[in-house]
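In the two complexes below, subunit A is the common chain; its partner is subunit B in one and subunit C in the other.
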Partner chain A sequence: MKKGVRLHSRVTPYMLVLPAIALLFIFKVYPIITSIWGSLYTRKGTEYLFVGLKNYKTLFDSAAFWRSLKTTGVFNLWVVPTQLLLALVLALMLCNNPRGGIVFRSVFFINIGISLATASTIWGLMMDASNGIINSMLTAFGIAQQPFLTHKSQAMACLIVICCWKGFSYWMLIMMSSLQSIPKSIYEAAKIDGSSGLHTIWNISLPLIRPTLTFCLVSCTSINLMVFTPMYALTNGGPSRSTNVLMLNAYVTLFQNSDRGSAYAMITMLMVVCFLIVSIQMRGMNKK
Partner chain B sequence: MLQRKSKTVLGKTAMYMFLTVVLVFSLAPVLWALTCSLRENSEIMKYIMPLQYHTFVPDALTLEPYINIFTIRNFGQAVVRTIEICATTIIAGLFINSLAGYSLSKLQFRGKGFLFMFVVFTIMIPGEGITMPMYGIVHDMGLTNTIWALLLPAFANSIIIFMFKQSFDEIPDELLESAWMDGCTVMGVYRHIILPLSVPSMIFAGLTLFTGQWEAFLWPLLVGREDSLNMVQVALTQFQTEHYTLWNELYGACVITALVPLLLLVPFQNFFIQGIAHTGIKG
Partner chain C sequence: MKKIISLLLVALLALALGGTTVFAEAEATTIRVLALSGDDEARWMAVAEAFGKTHPDINIELELYPYEQMMEVLEVKLGSGDTSLDLIYTNAPETDGYVDRGYLMPIEQYFTEEDMDTWVQKSVDLGTVGDHFYAPPLNSSSQLLYFNKDLLDQAGVAYPESAVEARLTWEQVAEMAQAVVQALDPDGTNGIWGLAYQQVDVPYQILALPNSAGGVGVKGETGLEVMGVVNDEAWVKAMTYYYDLANTWNVMPKGTSSTDELFSSGKLAFLVGGPWVLNSFDAVEGLNWGYAAHPYFEGCEIAIPTDSWHLSVSAFSQHPDETAELIHWMTCEEEGIRLCFEQFGNLPCAKFLLQEIIDNTSGAYSDFPMSAYSICCYDELNYSVSRPATVGFREWDYAMTQAFSDIRNGADPQETLDFAAEDIDAAFAKYR
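And then the complex of A and B:
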């Protein structure tokens, strides 16, 4: 459209865009403001008193918070690389449409339709300590039965498996489409130059899909830093707080202890951590 | 030459072995849930240990678990309610987001660049993270435990607006200009030119809005505590805490919550994949 020629009224564009902008402001931006603002107050009886950064100080002094933060970190350090590496390997295998590739792709697609809550329920029953199918399979192979979700040293690992199961195929599909959009001529040129196999993947495919990889890494991290559902559904943070991630901790603080100030402080911290990690990731991925 | 060939055969075999392992890992829980949902609870327990043929293959198939889920357990109410919420969200969401994308892509006004930056900025806000402060806001608005609390926050979606803008940008301006010259209104252009040309984007947006609502867990857990507002994922976890021993029905409920989105996603999977790839590459 030519600049300066306006064939519609002045207000129409605003009328069309404002509902979306208003909703985004109320339900996306304003909660951040509320979270920061609310974290500066504490409840005394029925009133909220301004206490400045006291909630943060209490938070930093509490061992439970650090433990929770560590738990969230450990969860992410396992889930994010596992999901993304698995997704990348599968995408590289399936992007050239090998024989039977469509079967694998379609089966992996099923996991996208299954929500995390549903996945948790299915796996929770399978991992049942006394009657679970996994334990009976272990017995069949002569391996001792495992406590899985009921033991503090195994619960986290179980939740990591569940989240990877649910999550990998989404990233796989994104990476696959991106790989398939690389022009064939580039590969042919590489082949003529004597490049093959892993060498081509490392030097040609991966650099060319770097924006997609960055997108996957950043989204995957920010989703998993906010993990809540599997812990809530299966372990409730236990056993002995071994799966008590920050979101769950904040949830309990807000709804069971009715301590809004501390809960909001936790959420604000989580968002700060998320923002920092994501910016580091974006810098790292762009520099290479 | 021969050596090279045997090397590729070896590579292929390794690849298919790996793919099969992941396939089993991916599919086995689904199949297990499906078989268990079609048999008597006592039968599952009887054959679970030690492992045997009948652990996996039912003696007798029955639809009783599904009948119970919908009659005694009232799970059907949650399914129907969630479908209603999804349908409303899709209709309102398609309108709100595509009109915003249309305005940002094809109309001229002051502050357009700023508003688009705002939309891009909100993409970066992690959705789950802000749920609890959002509860505070919705609570202050007096909307908790009303259907509006479940609907309103889901209508506007920055990724979808972004996607619409990108796809409308590809529609040539000349096409719109001639329509404008012929006296078509802004909404007329939207209806007769933009909409017919963006069916794939609409399908992708619809699917995204749908899965967002269908899979929602934390938000409905906070604001939909009344039975009549129970959404499927919350109803499922409640079912699990209340009737943990009714494995066949629990698995059946899982099958239902997984089946509904798959019925929509599988036929449109190409639109869905292209859509996520598109936002993934350009976002």
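And then the complex of A and C:
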């Protein structure tokens, strides 16, 4: 092979991945470096001073930070399993093309096309404590009106419902395509061996879509750790800080309070938490 | 084919010439203004048109956002040293914070002593930080108690008197609101409400309650003390009243509602609001309404919300002279002052115009609803209480808005105020 051709064939793959690497660096790596770097500075008047890890110390001493972290944890402990279980059950039901399956599939896919901001606004109107349609329906059935998003005992549950409704169909779509890629011959062989129903799902379907389930679990967790749109649009972190997730806290610290150093420290901590959880999940899911 | 090419060339030439014309016009300096969207757009257009007649070399370009977004855009743009903005619409109590963050340019060199004497001293003080003057006042504000005459008639409740001497107490207003709701909507199915505030949960309006009860927003020389201040006895008394309106007496709506619309649609008996809605309420067909002076707590001080927007030059502006010229015209020159008062509908800060309204020299304030301005001006000069002057106003305002919202929606007042004090205190740590 000629030298020029050899060089060309060696360089071409790198050139092909260069745009992707560049975009990854610009939109992922650079902001992460900026956050970590920025978290080591604080504003004093018009100047930014290097303060080392002081922002982290302030953060760890702050009760508000730990409250936000706990709120983020509670939110994710409900949303991630609910979204994935709902998606899995519906994917298993719909992948066998049951009667009327197309209708149900279309209905379930509607929420993929709606942005989270739009969905939050619509749900917010429906759940309005004074004029919402849900309270009107409750009243019509003789049930007392509920405060929903305006009371700390219900606000988080309402946001979990909204996020589960908005998120499950995306994971369902991915799981369905994975389930449909399993060769029918495997199911037929299992049937001949006397396997059916839950036994088949547990021993054949789930192990075969394990990589997909791992992807869904990791993606779902990292996406929901960063969620703040419904909190921002509907509760602003209230009532009584009951929905003040870490991402919203960081947003408010940055854009409302103009405290860049503390906000970057929060974001960095959120990244660390996300990394730890995802690592544990991947180790768990990859165990044979 | 040749014809087509010729036509294309002619068209291109025409476009090029047109472009040059635009360019020639664009040689004038363009000032970029960050302002509120909605009704403010037309107001600023009117200002631009009038200013343009005497200043053809200065164009005004608007960048409009709703209130919350405008504040965030401002933080992002000025925080990153963006040079595209020239004129900053500054919420009066934010001036200290903006100066601390280096967002505003001192502009005392553009204003003579005579100019400074145009405005009431309170407004000058709000625009001054340390030894420098940053923000001349565009307008100030006051509040009124609007009432729906039809609802009061149906409930058999007498109208409040409009004279300032007959000012109602908050306790009386609550009783009247309860009477209306009990008479017209006892089971809450007709959507009739007794009392609401125009800016729901916003400290600008709600602060008047603790102020009347004897509370203050912040303490200390630097205005950074809040523990035991925003959760003291006066605040708890005021916020218990606010809690009771929505939770005990059920006369104030929870959740999110446009209270202006509630009042305009005849579903609200009392609305506490600014004079800028006088004309819009007057234009609503079939709305039978009146106004009275802003209430206070029985046996306590009269405290009326005040202050509004000031105008500043961005520290990163590329056109500070032209921007200051526009600000000077809007805030110091009679033509600009009168136009801004007419357009923005809020109280003027210029002493001559305030006196003119109080004296009613033009006769324009004799008839309903413009007669309400005389009450507003009287209250502004006698009972107005500004929001806290602190470098951390933004953090304070955010935490208190949250607290008011929580209390209105059923959270315990004392616990919520303690929570807010803790949060603000933590947020203020960086200023100490």
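As a working rule, the second predicted complex is superposed on the first by the 265 of 288 C-alpha atoms of A that agree within 3 Å, B and C clash if a C-alpha of one lies under 4 Å from a C-alpha of the other, contacts with A are read in each partner's own complex, and residues count from 1 in each chain.
The working rule: a residue touches a chain if its C-beta (ideal position, glycine included) is under 8 Å from a C-beta of that chain, and two chains touch if they have at least 3 such contacts.
Just so it is clear, the model here is predicted, and its values are computed rather than measured.
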{"item": "Subunit C versus subunit B on the shared subunit A, clash or fit after superposition", "value": "fit"}
{"item": "Touched partner set for A:Asn97, first subunit B, second subunit C, both or neither", "value": "neither"}
{"item": "Touching partner for A:Ala64 - first (subunit B), second (subunit C), both, neither", "value": "second"}
{"item": "Three-chain overlay, vertex subunit A: subunit B-subunit C angle, C-alpha, nearest 10 degrees", "value": "80"}
{"item": "Partner chain(s) touched by A:Asn286 [first = subunit B, second = subunit C, both, neither]", "value": "neither"}
{"item": "First (subunit B), second (subunit C), both or neither touched by A:Gln256", "value": "second"}
{"item": "Touching partner for A:Trp165 - first (subunit B), second (subunit C), both, neither", "value": "first"}
{"item": "First (subunit B), second (subunit C), both or neither touched by A:Cys274", "value": "first"}
{"item": "First (subunit B), second (subunit C), both or neither touched by A:Thr150", "value": "second"}
{"item": "Contacts of A:Ser181 with subunit B and subunit C, given as first, second, both or neither", "value": "first"}
{"item": "Touched subunit A residues, subunit B compared with subunit C", "value": "B"}
{"item": "Touched partner set for A:Ile112, first subunit B, second subunit C, both or neither", "value": "first"}
{"item": "Lowest C-alpha to C-alpha distance for subunit C against subunit B (Å)", "value": "5"}
{"item": "Contact residues of subunit A, present in both the subunit B and the subunit C interface", "value": "124, 131-132, 139, 255, 260"}
{"item": "Subunit A to subunit B touching residues, read off their complex", "value": "1-3, 6-8, 10, 12-14, 16-17, 19-21, 23-24, 26-32, 34-35, 38, 86, 89-90, 93-94, 98, 100, 104, 106-126, 131-133, 135-137, 139-140, 165, 169-170, 173-174, 176-178, 181, 211-212, 215-216, 222-223, 225-229, 232-233, 247, 250-251, 254-255, 260, 263-264, 267, 270-271, 274, 278"}
{"item": "For the subunit A and subunit C complex, residues of the former touching the latter", "value": "42-43, 45-46, 58, 62-64, 124, 128-132, 139, 147, 149-152, 236-241, 252, 255-260, 262"}
{"item": "Subunit A-touching residues of subunit B, taken from the complex the two chains share", "value": "12, 15-16, 18-19, 22-23, 25-27, 29-30, 32-33, 45, 48-51, 55, 96-97, 99-100, 102-104, 106-109, 112, 115, 118-119, 122, 124-137, 152-153, 155-156, 158, 161, 173, 176-177, 180-181, 185-186, 211, 214-215, 217-218, 221-222, 233-234, 236-237, 240, 247, 250-251, 253-254, 257-258, 261-262, 265-266, 269, 273-274, 276-277, 280-281, 283"}
{"item": "Interfacial residue positions of subunit C with respect to subunit A in the complex", "value": "71-72, 75-76, 79, 97, 100-102, 189, 191, 253-257, 394-395, 398, 402, 405-406, 409-411, 415-416, 419, 422-423, 426-427, 429-430"}
